[in-house]
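Got some structures for you, see below.
The two complexes that follow have chain A in common; it is paired with chain B in the first and with chain C in the second.
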Partner chain A sequence: MSAETEHKHAGPGRYVAVWIALLLFTALTVALGRSHLAGSWGLPVALAIAVVKSTLVVLFFMHLWDHGGANRLVLATALVFVALLIGLVLLDSATRFPLADPPTEATMRLMPPGPGAPPGVEPAAARP
Partner chain B sequence: MPAAESHVAHHFPDLEVQSHAARLGMWLFLATEVLLFGGLFTAYALYRMLYPSAFHGASRLIETSMGALNTVVLITSSLTVALAFHYSRQSRNRLAALLLVATIGLGFVFLGVKAVEYAHHFREGHLPGRFYRYAGLQVPGASMFFTVYFLMTGLHGIHVIIGMGVLTWLAVGAWRGSYGGDYTTPIELGGMYWHLVDLIWIFLFPLLYLI
Partner chain C sequence: MSPSPASIPPAPADAGAPLYLERNYLNARRGLWSWLTTLDHKRIGVMYLVLTSAALFLGGIFAMLLRIELLTPGPTIMSALAYNRTFTLHGVVMIFLFMIPAIPGIFGNFFLPLMIGARDVAFPRLNLLSVYLYLTGAAIALYGMIHGGADTGWTFYTPYSTTTVTMVWPILLGAFVLGMGSIVTGLNFIVTVHTLRAPGIGFMRMPLFVWALYATSIIQVLATPVLGITLLLVAVENVFGFGIFDPARGGDPVLFQHMFWFYSHPAVYIMILPAMGAITEVLSAFARKNTFGYRAVAFSSLGIAFVGFFTWGHHLFTSGQSTVDAGIFGVLSMFVGIFTAIKIFNWTATLYRGSIAIRTPFIYVIAFLFFLLFGGMTGIALATVALDVHWQDTYFVVAHFHFIMVGGTVAGFLAALTYWWPKMFGKSYSERWGIVGATLIFLGFNFTFIPQFLLGNEGMPRRYYSYPVRFWPLNVASTAGASVLALGFLVVLATLLLSLKYGKPAGPNPWGSRGYEWKTLSPPPEGNFLTQPTYPRMPHDYDDLNPGRGGH
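On to the complex of A and B.
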């Protein structure tokens, strides 16, 4: 068992290499953030660098490179649910219309059918 | 190895199976931590979408160089804790303990820098919600940036403090030679917690300091 674990466990050189890469990526993201070179792409670029950095940490500092299987599945599942949460919340917020009282044409068209529906406007479900 | 076998609980056939189970359990715990911070990242994303220019202006009020310094400090502390695990595997327990102490020291540096930043924000009135009283930036959403800022960095800071507590316990154990060789699970799992703290900061830094 000792030989096998020794085989699975890399030397300190790999940790130091990852550390240097993380420092370089930090310098890169600070330089890009300060100079505003990326313009409106600033957020995607900064997030992409953060994803690369965190991938390095997860794979080599947290050993997901060597210990795959269920451990990777657990982390991936958590990340999928965080992505769902952020994505759906933003989608919901981005597709709302301003509430208005009295209702406007746009809000009335979205109103469900029923006794509360205002006269003169066909509720959404009644239209073909 | 009789010393290592004594660490195996009776319901595990051997140490390797026990280590696998412990590692998977730790990943499950870290998944809940990711979800915990995920809620705050969602709040950040929503309010940044609602107040883009206020977030841009308010982010100018926090010092990028301080955040960059803390990023370097946390990344370096991740290296020292990873090396502590490595040398613990080689049963060089004193060296592992010293590396853990260095990690704790870097944790103190991180908290010190954060305290300087917080003190500055309290002086200037860069505060959440109705406590926001900074005259230089009076736009809707600026106080919301600092609500999110203090919630995210505050929860992260609590994790740093908890992590330092865990590492202290591990450093004492490593110095006494409680781990080493094939039995390094406590150092591995404590290190994973510390790496997660680093991981969260890797995302907090660009989102809060670099917009």
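On to the complex of A and C.
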């Protein structure tokens, strides 16, 4: 695997350029955080910058720009699982309270008949 | 050892082979230093055997302490806090120090290269590093155990783990380091399978144990980092005060459970998939038949590995997770049953009309099938949200996961150990005592955990050191069963250790197996093969013994 892929790595110039870009993005994140310019968009903007930075790292420092095939498949698989984790956790918090805590009448209708049952519900013992 | 009923004539390579190779991997180099710095995958496997067996012994002692405490309804031998610490240590030791590393570490390291005709794994130095990561993680966790232990349960749920007064930190850090060792092993196996297969062993000719290890390795590499991230986030929250899991600071404690189980549910398959692979090998060898449905068994391993990532929420049904998520996770969890059923049906079909030899490893196979079916079906029941609400945190759950993890993983481990022992050490153990040990373990296991199903169904909660008097008889039965189980383990240990000194030479292939790993001498030489074997047949090919009914 190594012999045919290693010679493709670019010289130090590219890595220095990527490193400077990463530093600039970090400075941008800090500046935006300090100035509150982005307002309520602060979090999405910070996340977007982080995604760009990690893309740069993955493509150049981790050589995915030069390597294809199986390595890209591995990254894609990992991203699917990251999306899975974040997706189902967000779905949980997005749907949690309204459904886990239904209105009182709905709860009462689900209660078994017996002492404390709302009026109109027959006690269980009355059934044949 | 007498030849089995359907005796197989030795392969041409075996004819004239020595019964015991005098200069082998065990004695080619001598001294402690040669072991501590070895790059030989076989020696690393033996080191894992010693280390994980010690962990099994330690975890077993904790288990017996728990069962003795539960012998009477009130306090018996320990305080409530001591009980909490003991069950935490039992879980941590058994899961992180035994079940996750054992089968890949021992049999994966020893047999993966032998099964694909390689001289070693792809990265021998990384392999040695994984042993030292294991030792470091174990040492850190042991330090925490000696200095007070933790009382959070092995799941380290927040806010228990962030508010407890016990020494949970070294144990968290130990789990983190052990996870790195697990990732290194997985990475090594994936690259080995891709790059070091001998000519003649294509992907569709790999032994099924290799397929199972391959699927396991993918889980290890993809899931274990999430455990590391989760443990790091707990540390970040505590050190820097960010609100991640603490609601007072804007965090969410259920998020910890999501992230923890995103690793820990697939971790169940890190434990059980290698056991399934070993069972496939043993079952085929002792039924003298081709594995029914090679492709189905191979791909169902990958299927379990994949689907195992979609089910973690079934641990959160009563933790405040939304009903929408709970419903989705309940349905997705049942998909695991499909792939497991594919395996069970294929194993049963392999046994059908085979020439079955009832030897020690085969008894563990039968035990495994029983435990897996029982544990699996109760798992399907638990994945049903409404039923789980009744059973959550009762002994029903405890019995269920012990059936899967002890019944499945330990039976697979013992089947593999008794099957491959003659190859690893070149000696035969006493068949009579091997069968006695296996029978004691099977009976003891059932007497331990079937009462716990009944206790859980009656509502006895887990993780309490005392209980109402009406639960007394079944708890006595469970403790009695655990004693038989412990005796069985001691019999197995003594049988195997005595064979090293008194056992007869086993010969290159005492079971007449067609597995590729038997194509070398016993014990194997340092470089695995004196002459490179050839692979004209499939790895589980007994067609010539079954004229007219093999070759599915």
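Just so it is clear, the second predicted complex is superposed on the first by the 92 of 128 C-alpha atoms of A that agree within 3 Å, B and C clash if a C-alpha of one lies under 4 Å from a C-alpha of the other, contacts with A are read in each partner's own complex, and residues count from 1 in each chain.
By our rule, a contact is a pair of C-beta atoms (placed from the backbone, for glycine too) under 8 Å apart; a residue touches a chain by one contact, two chains touch by 3 or more.
Note that the structure is a prediction, hence the values are computed from the model and not measured.
*Asks:* Evaluate whether chain B and chain C can sit on chain A together after superposition, giving fit or clash.
*Replies:* Clash - chain B and chain C, as placed by superposing on chain A, overlap.
*Asks:* Please determine whether it is chain B or chain C that touches the greater number of chain A residues.
*Replies:* Counted on chain A, the partner with more touching residues turns out to be B.
*Asks:* Quick check for you: in the superposed arrangement, does A:M62 touch first (chain B), second (chain C), both or neither?
*Replies:* A:M62 sits against chain B, while chain C stays out of touch.
*Asks:* Now for A:L24: first (chain B), second (chain C), both, or neither, which partner does it touch?
*Replies:* It touches nothing on chain B or chain C.
*Asks:* Would you check which partner chain A:P12 touches, where first means chain B only, second means chain C only, and both and neither mean what they say?
*Replies:* Only chain B; A:P12 stays clear of chain C.
*Asks:* Using the touch definition from the top, say if A:K53 reaches chain B (first), chain C (second), both or neither.
*Replies:* In the superposition, A:K53 contacts chain B only.
*Asks:* According to the stated criteria, A:L91 is in contact with first (chain B), second (chain C), both, or neither; which is it?
*Replies:* second
*Asks:* By the touch definition at the top of the document, which applies to A:A78: first (chain B), second (chain C), both, or neither?
*Replies:* Both: A:A78 reaches chain B and chain C.
*Asks:* Is A:L37 contacted by the first partner chain B, the second partner chain C, both or neither?
*Replies:* In the superposition, A:L37 contacts neither chain B nor chain C.
*Asks:* Common interface residues of chain A with chain B and chain C?
*Replies:* In chain A, residues 1, 77-78, 81, 85, 89, 93-94 are touched by chain B and also by chain C.
*Asks:* Could you pull out which chain A residues touch chain C in their complex?
*Replies:* Checking each residue of chain A against chain C gives 1, 77-78, 81, 84-85, 88-89, 91-97, 99-100.
*Asks:* Across the complex, what residues on chain A touch chain B?
*Replies:* Where chain A meets chain B, its residues are 1-2, 5, 9, 11-12, 15-16, 18-19, 22-23, 26, 29-30, 33-34, 42-43, 46-47, 49-50, 53-54, 57-58, 61-63, 67, 70-71, 74-75, 77-79, 81-82, 85-86, 89-90, 93-94.
*Asks:* Which part of chain C faces chain A closely enough to touch in the complex?
*Replies:* Per the touch definition, chain C meets chain A at residues 195, 222, 226, 252, 254-255, 258-259, 262, 309-310, 313, 320-325, 328-329.
*Asks:* Which residues, counting only chain B, touch chain A once they are in their complex?
*Replies:* 14-16, 20, 23-24, 27-28, 30-32, 34-35, 38-39, 41-42, 45-46, 49-50, 64, 68, 71-72, 75-76, 78-79, 82-83, 86, 89, 182, 188, 191-192, 195-196, 198-199, 202-203, 205-207, 209-211
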